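What follows is chain A paired twice: with chain B in the first complex and chain C in the second.
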Partner chain A sequence: MTGADLAILALDVAGYVLILTLVALGLAIIFGLLRVISMAHGEFLMLGAYLVLVVEGAGGSFWLGLALAGPAVALVGLLVEAVVIRRVYRRLLDTILATWGVSLVIRQAVTLVFGPASHSIDLPVDAAVAFPGFEYPVYRLFIMALSLALVGATAWLFFATRFGLAARAVIADRDMAACLGYDTRAFDRATFAYGSALAGVAGAAMAPLISVDPQMGVGFLVPAFLSVLVGGLGSIAGPLAGAGTLGAIDGLVARALSPVWAQVAVLAIAVVLIRLFPKGLLGRRGRSP
Partner chain B sequence: MLECRDLTAGYGGGVVLEGLSLAVGRGEAVGVLGRNGVGKTTLLRVIMGLLPLAGGEVRLDGLPIHRVPTHARARAGLAYVPQGRGLFGELSVADNLRLADLARPGIDDALGLFSTLAERRDARADALSGGQQQQLAIARALRTRPTCLLLDEPSEGVQPSVVSDLADTLRARVAETGLAVVLVEQNADLALRLCDRLVFLEAGAVAETIPAEAARRDPALIDARLGL
Partner chain C sequence: MTGHGVEARIGAVLAVAAIGLPFILDDGATANLSVWFAFALFAASLAFAWGHCGLLSLGHAVFFGAGAYAMSLTTLGLLPGLPGVASTWLGLALACLVPALIGLAIGAFLFSSDHLQGPFFGIATLAIGVVAARLCESWDYLGGANGLMGVPPIMLGPNGGGPMVFDTLPVYYVMLAMLAAGLVALARVMASPFGRALSAVRQNELRARGLGYDPAWLKTRAYATSAAVAGVAGAMFVVQFGFASPSLVGFALSAEVLIWVAVGGRDSPLAAALAAIAVRLAEDWLSRALGDVWPLVLGLIFIACVMALPRGLFGEAFARLERRHDRTLAPGRDDHRHPGR
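== the complex of A and B ==
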């Protein structure tokens, strides 16, 4: 393997890690604030990708689809929260079952409307950036920058704004936050919508790089869950650490052996890490679910 | 100011409050005393909306508030310092105070209530001593500019000098702003220092009300009613 091959591999892995972080972050925020394990998170990612498909089909540009993916999936998240999630709060197992049901409904609805076949979306930018000894697609670099910006914006939102301070208070003690005048239901809605929107943006951004089909969310849901478990809850850095660890293993083993062995390695190492660090690599002590 | 009429509430199938009625006027501090399990904490939780009411009504300034959620009651003027203080332990003293009113810049007014808080404004709330934590909880509650303050055993685990400090601060606030206070206590010392009236609960209802002044003159009145 040459130096150029190594650099390309490193950039590929970094891109996957950052997208995975975005998806895992949405899951972690929803679980952290609402104690809801959202099995529909992969479907929100899938909806983001299909939104790009719809917008392009209607004559709009990819970029318009990408811009609309967050707000549109946030609206779907609001609807799901209002119709389903709010009825099962504080019942962890029920949230898993309910969101699994939501994921089936979304998947089947998309299959009914668009069919089970996969669709492809053209790369919006064909150009490549020249590095010493190799070239790398501009669009993949754009995805990395977008993911970094969204992870940074999320960190800013939760740790440097009034909303974030209030959200952390709601996470720590809902009753006491309500006693200080905070409408915790409004935080529930906003959090579920925001976490869902992150998945939607990730799906839209990845749409030109992977096949868009009703099953595509599952491929991200499992590694995103493992990233949250491995990295730990309670900080933005937790999902990032989890996604970084598992994404790197996945990329390296897939390149060295095969994608199948990569899945095996990711699962095995995740099991070992969760056994060694039950609260995650960067997990904090917090409320148990 | 605060009126509770025929309150009935409990946990699961068990009834804890059974037809309890209590009124607290503007600028009045009422101590609610009673043995364990008579419904003191339940009363405050019901008033704050943290526990559903099976019957009766709660009014604040004449308006019924028993059907609105907790956050709306807080915005209407109720403040609550629960047993255990309800601080956000991982947040700093300053952030705990900011949370009381995010729209209002500056926390010097709240820090000024208790000198030790100003010295420890950047410390995590869970790193404070028991007395400092209670001061912080009360300063945070007062920063919401309540018209009625509900206090659940604020003297628990707090040394006597701090209890005295709390009483002075609250007494001054009651006199200056007309704040109404409902103080639930097992330990009568703070109630005697702060309150105008003492209400004794038994079996989920008010058994007797006496002027605090009478109990200050003859503390045996309290012992007799608490069965001490």
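== the complex of A and C ==
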């Protein structure tokens, strides 16, 4: 393997890690703040990808689709929250089942409308950036920048704004926050919609790089969940650390052996890491999850 | 877990009805029902793990598929180091043993950590299921993505050969007998001291530990038991279907069995088994009328059951029958046996 190959592999892995972080961050926000395990997260990602397909089909540009993916999936998230999630708060196991049902319904609805076959979306930009010794597609670099920006924006939202302060107050003590006049229901709605929208944006951004089909969500859901568990909750850096670890293992093993063994390795190492660091690599000690 | 009196009676009535059914139904419907009996036992195995032991397994098809592959490899004579061995009996034993060992290994690893409990166990099993399906697709020994074709039906001879169970009626009664035996076995396990300890662990793990039980080991054994039953169900399926493929391990079947159990009733293997048959039956009737909308409708029914009817349709019906039964037995003694869960 030459230096150029190595650099390309490193960039590929970094791109995957950042997208995975984006997906895992949405899960971590929904789980950490609402105590809801959203099995429909992969389907929100899929909806983002299909939105790009619809917008392009209607004559819009890819970029319009990418811009609309977040708000559109947030709306679906609001709907799901209002109809289903609202009724299962505080029943953790039931949140898994209810959102699992939601994921089945979304998947089937998409299959009905778009058919079970996979679609491909053209790369919006073909250009490549020339590095010393190799070239790298501009679009992949753009995705990395977009993911970084969104992760940063999320950190800013939760740690530097009044909304974030209120959010942390609601996590710390929901009843007290309600007494102080915060609308905790509105907070629930906004959190679920925001977390889902992150998945939608990730799906739209990834759409030109992977095949878009109704089953695509599961492929992201599992590594995203493992990333959250490995990285630990309670900080933005947790999902990043988890996704970084697992994404790197996935990329390296896929290159060295095969994608299948990469999945096996990711699962095995994730389970071992969760056993060794029950609160996550970056989890805080002494606080029950 | 109460209600075995009423439930046992319902089961007996259903069994008698099932014995008579082939005389009313045509050949095709009877053959369909025999295949559904395999799914029914699969659903019962998940109801045992989930409802009775509190182990929400989102990748239960791993065990169904492992049983199907174990049976197929044996009867196709593909066992490593054992050329010429093609016994259905050995296949059945392995279809029980291999999934049980996989379940034992998964349980031993996951349950010994305090962190991988409840919902996290579900996520871990989901991940295992997805990865296992990928492994099967790329494992040449298991036929890769094509799977294993031409799996023989049940041969009663000690090593293949002998009388073959192939015609519709014999297959139907063999499958019915195996389903009944599986359900009775699960009911007996649930009523045994082991089963009661499991119920105690589900309700309050800390207290069970305080009383001297080892929750991790109990749950591990329970998961292995459920896996063994699911494996037998997989074997029942594959000797009829003649074809083992990675889809028997995959995510879709795990999702389906979860729906059957949630809709039927997670507290009762019998209710879950009934639901598996009922959902398949409804699918048969309604998919002509509803077409591709049917899975959508099924998903909505599933969500409704999760939100409003945690005991499931049949589970709720059983509970009501039992309540009525209790009232006729002892007037004035009201329903205090079902504290909310």
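Going forward, the second predicted complex is superposed on the first by the 284 of 289 C-alpha atoms of A that agree within 3 Å, B and C clash if a C-alpha of one lies under 4 Å from a C-alpha of the other, contacts with A are read in each partner's own complex, and residues count from 1 in each chain.
Here is the rule we use: contacts are C-beta pairs under 8 Å (C-beta built on N, C-alpha and C of every residue); 3 or more make two chains touch, one makes a residue touch a chain.
These figures come from a predicted structure and were not determined experimentally.
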| item | value |
| --- | --- |
| When both partners are placed on the shared chain, which of chain B and chain C touches more of chain A | C |
| Chain B versus chain C as contact partner of A:Leu233, first or second or both or neither | neither |
| Partner chain(s) touched by A:Val110 [first = chain B, second = chain C, both, neither] | neither |
| Touched partner set for A:Asp175, first chain B, second chain C, both or neither | first |
| Touched partner set for A:Leu97, first chain B, second chain C, both or neither | second |
| Touched partner set for A:Thr184, first chain B, second chain C, both or neither | first |
| On chain A, the residue positions that both chain B and chain C contact, one per complex | none |
| Interface residues, chain A side, partner chain C - complex | 37, 84, 87-88, 92-98, 100-102, 104-105, 108-109, 111-112, 218, 222, 225-226, 229, 258, 260, 263-264, 267, 270-271, 274-275, 278-279, 289 |
| Contacting residues of chain B [partner chain A, same complex] | 48-50, 69-71, 74-75, 79-80, 82, 86, 88-91, 95, 98-100, 102, 140, 144 |
| Chain B-facing residues of chain A, complex | 162, 165-166, 168-169, 172-173, 175-185, 284 |
| Chain A contact footprint on chain C (complex, rising order) | 56, 58, 109-110, 112-116, 118-120, 122-124, 126-128, 130-131, 134-135, 137-138, 251, 255, 258-259, 262, 292-293, 295-296, 298-300, 302-303, 306-307, 310 |
